[in-house]
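The same chain A turns up in both complexes below, where it pairs with chain B and then with chain C.
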Partner chain A sequence: MHIMEGFLPVTHAIGWSIASAPFIALGLRSINKKISEHPEQRMLLGVAAAFTFVLSALKMPSVTGSSSHPTGTGLGAILFGPTALAPIGGVVLLFQALLLAHGGITTLGANIFSMAIVGPFAAVAIFRSATAVRLPFGMSVFLAASLADLMTYLTTAAQLALAFPDATGGFPASFAKFVGIFAITQIPLAICEGFLTLVVMNALVRFNARELQEMQVTPRSGVRA
Partner chain B sequence: MKRYQNLLLLLAVAALLALPLRIVKKPPTTHGAPASLFAGSDDQARDLIQSIAPDYKPWATPLLQPASSEVETLLFALQAALGSGFIGYYLGVSTTRARMMRATDTGAKC
Partner chain C sequence: MLTEQSAYTNRWRWVSPTAKGIFTCSGLVAACAATSPRASLLVITLLMATAIFGAGIPITHYLRVGAPAMLFLGASCLSLLVTLNFGSGGSPLTLQSNPDELSRIVHICGRSCACLAALLLLTLTTPLSDIISLLRRCRVPDTLLDLMTLCYRTLFVLSAAIHETLTAQSARLGHSTVTQSLRSLGGLVANLTIQVWQRSQALHIAALARNNDGALRFLEYPFARSARHITLASGAGITLILLAVLIP
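== the complex of A and B ==
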């Protein structure tokens, strides 16, 4: 999902940066508030950031014969809410843009929007809907993390299709082409992301039950471990 | 089942990642260029941009380009190692704390 340096027209690059900026500000405020109220959650925030750091570094082979990487934003979004991930994902993307030539400064706004904003918001929306219809906790975590991963890649496809509409078919034709590259490859990787998120969440539920109850991730009574 | 859930999940991930390596066949070489297998989807997207808009010139280039694919691998491995190191440390702290809390609980009841 990394749109490469210079591969978005100037107006799009600026537009996505402006669109992402308020979420970064809201996210920083939300993180500051959480940490000043609950300093003991600082380590868990580190875990959420570390998880994104690891997963976005793992390029995995997929059945389409190409490779891509998960995003790791679902875990942090479920734990700390969707906006907290905007600055965290931003740091990860900045690291990759500056040191690894993956993504770029000019495309940072667009990449933050897909990976660190759309993904986390999708994760929280899916997690809350799934728990509202009383799906098991593990299933809710899995669905939230894997569908958020897919949503991130669909967003990237839409961003590229907006910037580079097909000469004859316009946006829809171009979107279909980019979805063809990103989405099919991503399906098995999104399932992997859902499983890996559940592995870490299971460990947290088992060993950090009290924190998770305080954060209202798991219900106060009867935690399934 | 619950007890082995994490083990099963990790095995499922390993299977999902190993499967493509077995079933995807190397495509025939086209235009004399060696066909690449498991290329990054980001690079494929870049190629698609260039085929949709052949006149588009990227207007910025990365500040730092890793000197070689080995250096790039090193940096990606470093990224993964730092992240998993921190998660491992935290889980270690958490399991020890949970065990000690259990020990004090049972101790208090005696």
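== the complex of A and C ==
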């Protein structure tokens, strides 16, 4: 759920960019460390960014009859970790703005914060919590992907509500309005993305088990697909 | 991609990307500094005219690239028009009727359109590889630029792989129902994820074979008459900002 170019007031656009900057810096540090230990990961992360970008060209069927594209937030966060996903997500969002006029330069900071920071961190927190309480692997993946999507959408709604508070009800009324309006499409899409990520992870467990173990996504003992 | 087609074939292909970057930044500043819908409209008109008549972007290309964003903006502005009313009876959703609120929404819509026009001016006249070179000159970290370079150079390969797989799946009725479509899409994304590993490994081996020792370096095209273009762009940019600020 991108915020359109120029839609946020200037102060908010700058504020969200400043809020996102430390996460990007932390992500770059983490990527540099990864690359110095495993030089082959430079190519992997670059190709992964291209992969996330092309995912946005795919149409995902939705229960409400509308269609949207998978964000890949949950999948990317589980595979590469939330810190590395901040710069990767930043690059993807910049490319979407430049090549597809989807999102924008002025709203890049706000979009990075919701889609490349909150979403991935939520996905990994949910995935690890679900694994810790010994939920089945598939259920953990589904919850991580769909709830990360919902967290992204709630963050965008909060960003818009902060920028455009209701004249009478203020932030709470505005937040309720944006959450209510976007829920019609976003909740079914989050469920669809959860199922899609589950199908992808099942295929990866079957065909790329060794890579998943090396990336510490699955335990050394493996999981059943 | 229409944006890329225009970026490589427009009249300003060989104008310095720095000049185009300066003018785009000025356009964004002017869009944000415009104090009235009239000023926003002027900024939009000037930026559109620059792209269509100056850079020679076909108007159909311009409209086709901008249309999805405009539809999205329409939906966003509609969400601002609606207000929630709990406990007052009747429908909880009502349309704004306060003139101040309406003029604020028109102002937001104008600013957004003007920013979009500035963004389109850059993207429709400058290939992404030139924008990456421009960012390199602006001292953006090398790691981020490497990610961008690799992303740009592989996204078309992956995009072609997606289209071929989708065609093959559709030919086998893989997208005939919603459930079947979700399953096919899962298979496609899983297959692509595996390709990400395979292709990155192949790229790494190819880079090692060429003595790659870290950052990816590419030759940059030396743009002629850069200083003249930059001066012109700076002058035009300042004029645009002044017009946006001074027009009531």
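One rule holds for everything that comes next: the second predicted complex is superposed on the first by the 190 of 225 C-alpha atoms of A that agree within 3 Å, B and C clash if a C-alpha of one lies under 4 Å from a C-alpha of the other, contacts with A are read in each partner's own complex, and residues count from 1 in each chain.
Following the convention adopted for this analysis, a residue touches a chain if its C-beta (ideal position, glycine included) is under 8 Å from a C-beta of that chain, and two chains touch if they have at least 3 such contacts.
The shown structure was predicted, so the numbers you read here are calculated from the model rather than taken from an experiment.
J.: Classify the contacts of A:Ser20 with the two partner chains as first (chain B alone), second (chain C alone), both, or neither.
T.: In the superposed model, A:Ser20 contacts neither chain B nor chain C.
J.: A:Gly104 in the overlay: touching chain B, chain C, both, or neither? Say first, second, both or neither.
T.: It touches chain B and chain C both.
J.: Applying the document's definition of touch, where does A:Pro87 land relative to chain B and chain C: first, second, both, or neither?
T.: second
J.: Touch check for A:Ile31: first (chain B), second (chain C), both, or neither?
T.: Only chain C is touched by A:Ile31; chain B is not.
J.: Applying the touch criterion given at the start, work out whether A:Cys192 contacts chain B, chain C, both or neither, answering first, second, both or neither.
T.: Both partners, chain B and chain C.
J.: With both complexes overlaid on chain A, does A:Pro70 touch chain B (first), chain C (second), both or neither?
T.: Touch partner of A:Pro70: chain C, not chain B.
J.: Tell me the contact category for A:Arg42 with respect to chain B and chain C: first, second, both or neither.
T.: It touches chain C, and chain B stays clear.
J.: Quick one: is A:Thr155 in contact with chain B, with chain C, with both, or with neither? Answer first, second, both or neither.
T.: Once the two structures are laid over each other on A, A:Thr155 reaches no partner at all.
J.: A:Met1 contacts which: chain B (first), chain C (second), both, neither?
T.: First partner only, chain B.
J.: From the superposed pair, tell me which chain A residues show up as contacts to chain B and also as contacts to chain C.
T.: Residues common to the chain A contacts of chain C and of chain B are 2-7, 10, 43-44, 46-47, 49-51, 53-55, 57-58, 60-61, 63, 95, 97-102, 104-106, 160, 164, 166-167, 177-178, 181, 192, 195-196, 198-200, 202-204, 207-208, listed in rising order.
J.: Applying the document's contact rule, which stretches of chain A touch chain B when the two form their complex?
T.: Result: residues 1-7, 9-10, 43-44, 46-47, 49-68, 95-102, 104-106, 138, 156, 160, 164-167, 174, 177-178, 181-182, 185-186, 188, 191-192, 195-196, 198-200, 202-204, 206-208, 224-225 of chain A touch chain B.
J.: If you look only at chain C, which of its residues touch chain A in the complex?
T.: Residues in contact with chain A: 1, 3-4, 28, 31-32, 65-66, 68-69, 72-73, 76, 79-80, 82-84, 98, 101, 108, 111-116, 119-120, 122-123, 128, 131, 141, 143-144, 146-155, 157-159, 162, 178, 181-183, 185-194, 196-197, 199-201, 203-204, 207.
J.: Applying the document's contact rule, which stretches of chain A touch chain C when the two form their complex?
T.: 2-7, 10, 28, 31-32, 35, 39-40, 42-51, 53-55, 57-58, 60-61, 63, 70, 75, 79, 87-88, 90-92, 94-95, 97-102, 104-106, 160, 164, 166-169, 173, 176-178, 180-181, 192, 195-196, 198-200, 202-204, 207-208, 211
J.: Could you please specify the touching residues of chain B with respect to chain A in the complex?
T.: Per the touch definition, chain B meets chain A at residues 2, 5-6, 9-10, 12-13, 16-17, 19-21, 23-24, 27, 37-42, 44-46, 48-49, 52-53, 56, 58-66, 72, 75-77, 79-80, 82-84, 86-87, 90-91, 93-95, 97-98.
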